[in-house]
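Each of the next two complexes has subunit A plus one other chain: subunit B in the first, subunit C in the second.
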Partner chain A sequence: MGRELYRAIVDGILYGGVYALMAVGLTLIFGVLDIINIAQGILVVLAAYLSYVLSVHLHLELFLGLLITIPVMFLVGVAIQVLFMRRLRGRERTSMSLLASYAVMIIIEGILYLAFGPDYVQLNASYVTSSVHVLGFYLPYIYLYGFGLAVALVAALYLMLYRTTFGRSLRATMQDQTAARLVGIDINRVAALAFGIGVAVTAVGGMVFGATNAFNPNSGYDLISRLLAIIILGGMGSIGGALAAALFMSVTEAIVDIWSPTWSVVVFYAALVVVLTFRPQGLFGHREARAQ
Partner chain B sequence: MRFHRTRFLPITAAGAAAVTILAACSSGSSSSSSSSQSNKKPITIGVSVSLTGDFSADGQAFQRGYNLWASDVNKGGGILGRQVKFIYLDDKSDPTQGSTNVQQLISSDHVDMLFGPFSSLITGPTATVAARYGFAMIEGAGGAPAVFNTPSNKARHNVFDVSYPIVDQYDPLTAWIKSLPAGQRPATAAYPIVDNPFTIPPEQRAQGQLEAAGVKTVYSKVLPEELPNATSDANQVAASGAQAVLLGSVDVPTVAAFMKAFQQQHYNPKILAATAGPDQGAAFLKAVGKANATGVMTANGWYGGYDNPQSKKMVQEYIAKYGGSPSDINSDVAEGYSVGQVAAQAIHATGGTNQAKIIQYLHSGVTLSSVQGPVQFNSLGMNTKPVIFVFQWQNGNYAQVLPANAAGSGNIQFPKPNWAG
Partner chain C sequence: MSQDIGQPAGARRWRAGGARLSRETRGGIAAVLLLLIAIIFPLVITDQVATQIGVDTMLFVAATVAWNLFSGFTGYISLGAAVFFGTGAYTVGIAAQDWHITGNMEFALLPLAALAAGVVAVPFGLIALRVRRHTFVVITIAIFFIFQLMAFNLHITGGSVGISAPFLTWAPETFNIPFYYMALALAAGVAVLSWLIRGSRFGLQLRAIRDDEDRARGLGVRALRVKLVAFVISGVVIGLVGALWFFFIGQVLPQYGFDPLFDLSVALMAFFGGFGTLWGPILGALILEPGQQYLTLQVSNSYASELIWGSLFLLVILFLPRGVVPMAGEKAMAWRARRERRRAGQPAAARPASAGTADAALPGRPTGASTPGGRSTR
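And now, the complex of A and B:
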């Protein structure tokens, strides 16, 4: 049993990195713009398909392909913000963003169905199916890389937010848009860039997701509920919180899965309810994160 | 757990309305079609099918089977001189939506016939709605006991499954395992089962049969249907070291996730079989790769190389229309086509689409023909003359390997070759 438990914890940590990669963009967008981007799941799938096209048709190595997919996804993000989100104003903008991003989701899903059909595909590379033997466990390279990328990405976003002028503009916008506008910050520009960055980091999550799962245009639906749960638990807007919550979710599920796979998902959501009862702002809540 | 079950219907041109009408093609192609025939009201067939959602790949393959059959029928002048026309409603892979669709097809669209959806999960509830209106539910992908044993079917006897009862799915495989010399027979087996009426009955039956033959069970768990991450469960199977893995799956991604995790864990069972996924032809190969598929088995009632004249004709037509090779064809296509064939024979025999007469006829003990072989129904609508084969992917070919003495069965690759990487 002890070995199974260790295995579950290791597995959970590694899978958590993949979820963190997919969730950080979602929490960044909410943190800056108060927009709940329901389209995040399909954006992950879109990024996976971009990697797929580059890999299969241009024979571009998956990580090298990120040099293309990240800028492309950035532009997709900017386009979504300008075309769908910018017009949302007032107190209802957060709830309206649900509808707007839902529209974005079904548009992208429809395009993907037309382009790729319903068949499942996977990203392939030598490190996708190979692993390294450490302390009696085989650790798949793709999950190790995914975890490393998640930590690096969170660190990079943290540095951007707290060590750059643009980051200060972002945080000012997060705290008070009116005040930020009064001190000369171009809110529209900051919003477009923030949305673009949030979607751009999804390119990394999409690539790792596509390498660890077979996917089709419908796969985004299974992701979005889990990604939303992660950022709520971590504290909406908290980038480090997204990583912590993703790890918590995956480790919890993997441990419970030893005894009962059926209960593994339920236990995470039950834990989410308990945490929110005592900390409505999540583990690394909204106010704390913004006050740093 | 999912956020929302609503799905966008993106493929068909009429997707936004969720209604696709197959204006059954080319009535003029038959020179024998008289003007009186062309003036006859078409036979309208309603289908709730998964065009989007988790079962979209299977649902769209089923739709191809239905459309291919309709095209053939209409080219031949229709049934009783009436053209065939389909009304498809997307159930989004959701049983509740499937029931709503069937209600609409009957009470609003006034269809003449109903054909079944994909999967036992959706067929059961939709057949119950059909029973309420006295409609026969002729279907090809609802073979679970839960579909036949509903109170409505026991009362109205309206379900007719043209495929094999899935509870027997693994019988040829377990019989073969039991026939192996003791030194070659797997000593241990694992049964990871996705929670679905399609998977649990055959898995439990196979487990019982193999345990009785002395094959020790080292892993047997029912996994949630909306499996968030199959890798964790696959790793547990790998850690068990089972020599045979009989996976209860309903789709390609689950099988692909297990195969990938097995590779990562340097684990290669002697036998790897799955209830569904490997039967999806090119769609399966696309997801797992041709080389890694080699050795993977599944059981089914049909394959592209099936030695049956009707099947061969259908395969030719399919390839002419969609391209590919016989191995690429999803078995759902044949199941859908068979539904149409059985329905056509019933309409011919009863002289129309009166549902009571059709139900009575199909329960009369008559043996009907289909691309999947003979069909005869018992009182609950199970096919009592099913042909069940075990297939194995061998270097990109979907080869019939069991029953060993059946015509067309080739050599089985045992033990399963190692992963190609």
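And now, the complex of A and C:
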């Protein structure tokens, strides 16, 4: 029993790292733009398919492929922001952006179905199937690499946010758009870049997700509902909260999975409902200011 | 927001100019005409495909109006309507199975579906209605997924095999007709209910919450209770829709009973027609549901129709964010106002006043402070 529990905790942490990365992208977009990007889940799947095409048809190494998929996903994100999200105005903007990104999700899903069909595929490489023996656990290399990459990228995002001028203007925009505009920040540019960065991280998330799970165009629903649960639990717009919530959710799920695989996912959402009953603003969130 | 509270100046001028019938009378006449057409429809067009689309459409009218009754009036966008739909369907399914109910007796179970949906709506509402805006939307999605997962995993729901409805020994040629009239009755009933609520003190409280919840509380509206009552009413109706749909289709599977696309379709239809209005959800469902069914019939590739559907949805949100009905109304008023001015011999110089119903602030109405690009939201 004890061994299984440790094993579940280790698995949970390793996998939680990847979820954390995807969720940080989502919470960044929310924090800067006040937009919930429902399409984040299907964008992860899109990135996974991109990696799939690169590795199957061009025989490109998965990690090398990231050099292509990250910029591509960044551009996809910028395009979504500039073409659709920027046009939304008015008081119902947040709600409308939810629906708009939901529509984007359906469109991408349709395109993926047309291009790849409903069959499940999985990314393949030597390190996906082989494992390393650490402290009595067999850990698949892909989990280790994925976790390492996720940690490195989250650290990079953190440094960018807190150590660069762009990061400062980004945080300023998160705090108060009008004030940020008054001190000379180009809000449109910051918004487009933030959306691009938030989506670019799905390239890595998608690659690791695609290597550890079989996926098809329908996989986006499950992903987005988990990601939403994570950022809500952590507190909308809080990057530290997203990290903590991703690890918490992932470890909880892995532990419950020992007893009942079918109920582990329900526990995930039930935890969310319980937390929100006592802390409506999430674990690390602040209470909403009075609506204007 | 509503058209009756803040009439654009052009409309007032027009009505004073030469309208013979009041707005309510015209609305009533339109409603009676629409109802007559709906009653006659299956008698004239007896094609089974057409009547089947008719049943689906009426079910969606009822669901969309019910959704709008809560979400449209209060501004709390729920993407968890399928929770009630599935609850209604599964409740009557499980009851019919356990109590060995067969044939036409199944319809006696409908009140049970309403009751179950109402019972589910109370805790759902108590948890979700404590938060606002996007957090509310996301919690409705999370609760929706809990229900879908339970339907997949619980023993009594039959897992991924689902549940079958009692067999109806009706002739296939006329099978759709009773369902059509039941769905129509439900749709008409909830439309009338929606109209009654909108004109009542309760409806005013709901709209006060939509405009400014904190101020409404300050003025003595018991916000949580009012929201919860609307949420439960909306859930009960959608539960009935789910039960009727289940009897009609004859089977419920977890992915169709708790279908994320249902959540979305209902919201889309309401937004397309006009979020928070009386006519918007009715017309939205009447236009979009047959449209979608037709699309599915024409485009044999269901993925392509999904693509078209998503694109249409996006276009509606980008270009008709307040829906067809309010936008068409404004266009018509602007046109009438222009015509009237021309008739009065005025130069068309006052153009901003006629076009300025949406994006420019009307004189004398304070705009909401300084939100970037903000417009006067009524």
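Simple rule for what comes next: the second predicted complex is superposed on the first by the 283 of 292 C-alpha atoms of A that agree within 3 Å, B and C clash if a C-alpha of one lies under 4 Å from a C-alpha of the other, contacts with A are read in each partner's own complex, and residues count from 1 in each chain.
What we mean here is this: a residue touches a chain if its C-beta (ideal position, glycine included) is under 8 Å from a C-beta of that chain, and two chains touch if they have at least 3 such contacts.
Model, not experiment: these values are computed from the prediction.
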Joint occupancy of subunit A by subunit B and subunit C, clash or fit: clash
First, second, both or neither for A:94, with subunit B first and subunit C second: second
Subunit B versus subunit C as contact partner of A:45, first or second or both or neither: neither
Contacts of A:228 with subunit B and subunit C, given as first, second, both or neither: both
Which superposed partner A:113 touches (first subunit B, second subunit C, both, neither): both
Which of subunit B and subunit C A:204 touches, first, second, both or neither: neither
Contacts of A:170 with subunit B and subunit C, given as first, second, both or neither: neither
Which of subunit B and subunit C A:78 touches, first, second, both or neither: neither
Which of subunit B and subunit C A:272 touches, first, second, both or neither: second
First, second, both or neither for A:214, with subunit B first and subunit C second: first
Colliding stretch - subunit C into subunit B, listed as 3-11, 75-83, 183-191 or 291-299: 291-299
Residues on subunit A lying within both footprints (that of subunit B and that of subunit C): 106, 109-111, 113-114, 221, 225, 228, 262, 265, 269
For the subunit B and subunit A complex, residues of the former touching the latter: 1-5, 7-8, 10-11, 15, 52-54, 56-57, 60, 195, 221-224, 226-229, 231-233, 235-236, 239, 251-253, 256-257, 260, 263-266, 282-283, 286-289, 419, 421
In the complex, subunit C residues that touch subunit A: 75, 77, 127, 130-135, 137-139, 141-143, 145-146, 149-150, 152-153, 212-214, 260, 264, 267-268, 271, 275, 301, 303-304, 306-311, 313-314, 317-318, 321, 368-375, 377
Sites on subunit A touched by subunit C in the complex: 30, 36, 84, 87-92, 94-96, 98-100, 102-107, 109-111, 113-114, 177-178, 181, 187, 221, 225, 228-229, 232, 236, 262-263, 265-266, 269-270, 272-273, 276-277, 280-282, 288, 290-292
Footprint of subunit B on subunit A - complex, ascending: 3-4, 7-8, 11-12, 15, 38, 41, 106, 109-114, 117-122, 124, 126, 128-131, 138, 140, 212-219, 221-222, 224-226, 228, 250, 253-254, 257-258, 261-262, 264-265, 269
